[in-house]
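What follows is a set of notes on a single structure, which appears directly below.
Read from first to last, the chains carry the letters A, B, C and D; within each, the first residue is number 1.
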Amino acid sequence: MSDVRLTIDDREVVVPEGTTILEAARSVGIEIPHFCYHPGLSAPSNCRMCLVEVQGQDKLVPSCATAVADGMVVRTGTPRVHESHRSVMEFYLSNHPLDCPVCDQAGECVLQDYSYGWGSATSRFEETKVTQPVKDVGPDIVLYADRCIMCTRCVRFLREVSGTGELSVIHRGVRSEIHVAGDRPVTNPLAGNIVDICPVGALCSKDFLFKCRVWWLTSTASACPRCARACSIRVDSSEGRILRIKPRENAAVNGMWICDEGRFAFRQWHGAGRLDVPLVNGDRGFTHCDWDEAIALAARSLRQVAMRYGGESVAFIGSPWATIEENMLLARLFVSLGATMGSLWPAPAESPQRFPGFEISGEKAWNVAGARRTLMDVAGQLLTLDRLADEIERGRVRAVYALGGAYRGALVPCDDLGLELLEFFAIQTCFVTDKGLKANLILPGASPYEKVGTVRNERGVLQEVNAVMSPPGQARRDWDILMALAKALAATVDDDLTRAVLDRPAAQWNYTRSASGNE
Amino acid sequence: MTHLPGPIFNAPGRATADRGLPTPAYDTPRPGPQKEKRLSARPTFFQRLIVPGLLRTWWSGVRHIWQKKLTVQWPEQVREVSDNYRGVHRLNKDDRGRMKCVACFLCQTACPANCIRIEAGPSPWPDRPKYAVRFTIDELRCVFCGMCEEACPEDAIELTRIYSLVGTRRDEMLFDKEQLLTMYDLTRDEKHPLRW
Amino acid sequence: MTVELTLLPAGTSADHPETLDAYQARGGYAAWRIALGRGDPQRVIDEVQRSGLRGRGGAGFPTARKWSFMPKDGHGPAFVCCNADESEPGTFKDRRLLEATPHQVLEGLLLACYAVRATCGYVFLRWEYPRAARAMQAAIDEATQIGLIGSDVLGTGYSVEVRLRKGAGTYISGEETGLLETTEGKRGWPRQKPPFPAARGLFGMPTTVNNVETLACVPVIVSEGGEAFAAIGLPGNTGPKLYCLSGCVRRPGLYEAPMTVTLRELILDDRFGGGVADGRPPKAVIPGGSSAPVLRAEEIDVPADFDHLQAAGSMLGSAGVMVLDDRTCMVRVAANACGFFDHESCGQCTPCREGVHWVRQILDRIESGRGRPGDADVAIDRLDAIAGQTICPFGEAVAWGVGSIIRKFREEFDEHIRLRGCPFPAWGFRSNGS
Amino acid sequence: MMIAINLVKVLIVFAFVQAMAGLTLWAERRLSALMQDRWGPNRLGPFGLLQPLADSVKLLLKEDITPQGVDRLLYYLAPAMSLAPALMTVAVVPFGEPVTLFGQYVVPLQVADIHLGILFILAVGSLEIYGIVFGAWASNNKYSLLGGVRSVAQMLSYELFMGGSLVGVVMLTGSLRLNDIVASQQHLLWGWLPAWNLFRQPLGFVVFLVAAFAETNRLPFDLPESEQELVGGYHTEYSSMKFVMFFIAEYAAVFTMSALLATVFLGGYGLPGLSVAECGPVWWLPVAQAAVFLTKTLLFVLLFITVRWSLSRLRYDQLMRLGWKVMLPLALLNIVVTGTLMFLWRTTG
């Protein structure tokens, strides 16, 4: 495609042919106000907020739907354009309930922002406002139809991206209303995105409803741990609690959306039931112990086994829920002890879900690719769990140390591993159930939202993850546990590795001999 | 008013008088003949003696022993506070006796002392989506600045003229929703003419 | 035998749709055969070009030019839509054509299809015209039966089909792109132009949309020749024109006249309206449906054609001439028109959606005696803010139609506000209920 | 029996001084309040008289904090060392003429009738500095230490002319014994003016008064504990009972110093015409003399208090300049003048 040269507000802009004026302006940092336009959706240009002046055209043109042309001269700040913005804002606010105080969107509301720019402090509207109902449009979404500005982003999303089309517009004119058929609520796995793209507070997440005013949220950039796609996300938390998760735009990973599974994945690790003290399996079953004891016990047991049966009788199991760095530290630590056999817990597998504009991976852990590749790189080989079980049965493996970190309900599959044959088995994990683990030592690890590190998604994209909060109780980040263990074992951990982890951002870190970014 | 010479000495109330503002009461010159006083850079011999000066200073303090006292002997005497005095908070009720607050958190946001804590929830009434399930003000932390009142879009929170706020434990001073609504019942008929 | 150069041929009536035989008996489908026989679609366009035919839907755009926008080397499907969604208040000319002479419209559609090399013609009919729908469907069936429609028509290798679509009864479906959306089965929401329908129209394919009356003219032009058509009326405003006369007029109805006729003649002449009802003086005339700006009584000595009316500050539009006598409350007229537009606004663009409702409320308030000084100014300001800001011309329709009433009869609005009620006895004096 | 009587006397005097210290404290609080247009403590007991008691109880119940790194021995010793000299000084102050008890025991109304009374007072009074310096040093706090250092310098400077100012009195009396000094003031000058040293030694009185303020660390010479600069000075780190002792010591010192002033310069317990010599051994005489003594003392206490709440503190350099360059010369001048006048008096008769 050839480039087009045009002038926007006296600035020369060169963009590919077919670009809209709005996007061209955006590319040079000129923000044209808009409601209905969304970069991930079609542009019906119905909000009439993005009108700009184009030289030679007597009417203002909608910048979101007008393609650039060579030599076009666009002005976004003329009195006429501002008058148009002001006028449109007055129309918007005439029937808007103006209930910002109780609206969850307040603070991140486009309508609110624009009314600072082009709104008026007083209203000429003295008529009766059209009132519309509050509608339950789905299990997690509620529609305050009163606040709706009819930008139809939600309708278009459900038609164009999820392809499910649950929402539509009913009635005409000022009585137009977003509507859902009673027997077809918005239940598709991408539904949460319509809350994100709603420019006002019309569509609200029931989960987040009334929880917190947005200006008190702290946002942390991270990646979604729910599946191997590892969508880029923004975790919004307040007072150490995750309150909501929103997608971050990342063309290489998830585009602009995330699925609801990922959106609410934090519940999988949050709340009661998290393991928060080290547990040691003794004569009286599992008992609490402190960290020094736990680490000392692990070090002592591992050294004993290694001395008695040789270093290769110690095996390790990496985790797809742990970061690349944690897996690498695990592998290096045990390779330095003489271990040769390593394995990786498989991520729970489901069938992938495909939508017209999005795909959810079937591998339900974020770092499957990263963990596998890291362990292979360090250990040279990676046994399947079945192979490891064979080795245990044959008595060639006497001690196993494992990373865990799986979410609630997806405990690591260690039932068939023959753990009872082992002399020592320790695992760092987040949950223990009665069915659980025949481990000698269970160390409370961190959930993906409590970690710092790097993950590699199924497409080979490396992403940095950041800690939103501290692990609960005495639980520690898995990296810290491994470092403590390394210290207790007097093992030398590669300085490069620690430095690499400490020097953010990790995504730029060339962590192995074969790291090459996108595969 | 006599203008004292020299740049150091400024006649009391002069700055405000020059700006055309009313002279504050405390700056009003005492009635009586105003003698022009001159202060030269060099102290006179009399001043150098110090002792008479000391005695005069001492007397100026001692004199007050039998002068009128300003202390208000609470609780026997009750001080009349002005109409826009900012005392304990109250949560207003509407004409149907329901809490006016819609849990918009603006008071909490505006509060410079971080003494307001609200928990919102779906309202049991159809005319509003949201209301405060819990509403707590730490009266010990409060600086009684009145910003909450200013911020409130519903006129739901107000400061009353009640200033005798005592308790024997810290948690007594954490006023919850019920207490704050009770404050409204106690002060229902009060008017705050200067604030709105 | 040729078709008479009239759109209301003698012997046809809305009660009995003209049959295929009757139509052919008065020369019907001759043009279709001629055009196909010539084998060159461009000659149809040329003929229409010579006739000077302008679109009868409202905008008065030269039909030949519109057709010439269609891609000449199109490989995929292309469409012609017959816009039979006649929703403009005061307009009923298409209904008469569809109900009385469906074949003439159909033939026009076929010729248009041929001219723009379309593969399919759509007749988009409003839901409120069941009789027209029946007549049209019967005409399509009859024509298909004798091979005038279908694949390889008359052995010329040209294939065309005609489909009838019925709308759900919205005004906005009569708008060019709104019609396309509705025809596709979607909600009748107009599209942003560009892209124009000639580039991307129905189902994303090149499409031409023509009014019923326009299409009804085409067979005459093709069979009689463009010059004969152009001989009627003045250059630029050629051919016979149907006028829908309604309101306070002695003989309301549909009249055919060359576009040299003045509005005053239409109203007062015995051939047409025969004078204002009850012998009252006229107060105002809306010459082209409710979206056309109103003309005061002293402005009606103007030929009812495209150019003169535009020069007079109004437009011919759909030629729905509405006559208002001196008993008419203009506030009521404006409120009524605005109420119609409020009801029919599709709700897609913000200015129109919110603005029309706003203005309607203001006008209703003024009419019911609750007006305040300044209300009329707010109404005009808001109407001006709608015009030019919307996707489709609906915004302009409201702004011009209603706005002109407020501007030209401002004194009546001020009177309402001053009196706190409507001073016109015909509507009863209504005060604000005090 | 004499021993028993002396013990009772000691107890009564010490208890009285401490009670007066409490009363002084109350008076200070009330007076300071009144001078500031407030009321002061008026809730506890009549006129709030029980307030010092309540304060003591409160302070006693407070946590006794010993900061880290203190020199424990000196830290604990300091308050006692501060209080003791104040109480000891009063031992030599007579508050009446000797009385005869049970017809046989002649009891001086005084704990100890020492011949070198004035010297004793100067010597013991100087010991008070140890309490302050020890407390300051032991506290391991720079503010305390600064207070202590200032205190030493101040004491050294002011002790000197304090002694000097008394030389005139001693010269006039010809004795260091306080009883003699009191007795020497009992006649009238020119038949109408009491022969108090206040009138006979006006310069000496002023110099001694200044020294007295400095000795008691009271404003305008309270540099050792100047709150604005040194938090609390030498007692910054003291709390509870130990703080109370410093506190009582201060007020005991005030009372003692007032008693001394009354004795040396205001004729002590005597008023013209109020003595055994003139009234005979009537039972009410000791009571009246004690009352006179107390009244004179309280006058000085009031002076101490009102001065504190009306004058402002000197700067340190001003303090030193005043001591060495004004007061010391004045004290010396006083001796010279007194000596010259006495010489002239004697020689001219």
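By our rule, a contact is a pair of C-beta atoms (placed from the backbone, for glycine too) under 8 Å apart; a residue touches a chain by one contact, two chains touch by 3 or more.
This structure is a prediction, so every number in the text was calculated from the model and none was measured.
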> Taking each chain's centre as the mean position of its Cα atoms, how many Å separate chain C from chain D?
Replying inline: 116
>> Taking the mean of the CA coordinates per chain, how far is chain A from chain D in Å?
In response: 80
> Counting in whole Å, what is the centre-to-centre distance of chain B and chain D, each centre being its mean C-alpha position?
Replying inline: 45
> Using CA atom averages as chain centres, what separation in Å is found between chain A and chain C?
Replying inline: 55
> What is the shape of the graph in which nodes denote protein chains and edges denote touching chain pairs (line, ring, star, complete, other)?
Replying inline: line
> Can you name every chain pair that touches?
Replying inline: A-B, A-C, B-D
>> With touch defined as at the start, can you tell me which chain B residues reach chain D in the complex?
In response: 51, 54, 57-62, 64-71, 73
> For chain A, which residues are in contact with chain C within the complex?
Replying inline: 44-49, 51, 59-60, 62, 65-66, 84, 87-88, 90-92, 94-95, 124-128, 130, 149-150, 168-169, 171-176
> Okay, in this complex, where on chain C does chain A touch?
Replying inline: 170, 187, 189, 191-192, 194, 342-358, 361-362, 365, 372, 378, 382, 385, 388-391
>> Please output the residues of chain A touching chain B within their complex, sorted ascending.
In response: 99-102, 134, 144, 209-211, 213, 215
> Okay, in this complex, where on chain D does chain B touch?
Replying inline: 31, 33-39, 206, 306-307, 309-311
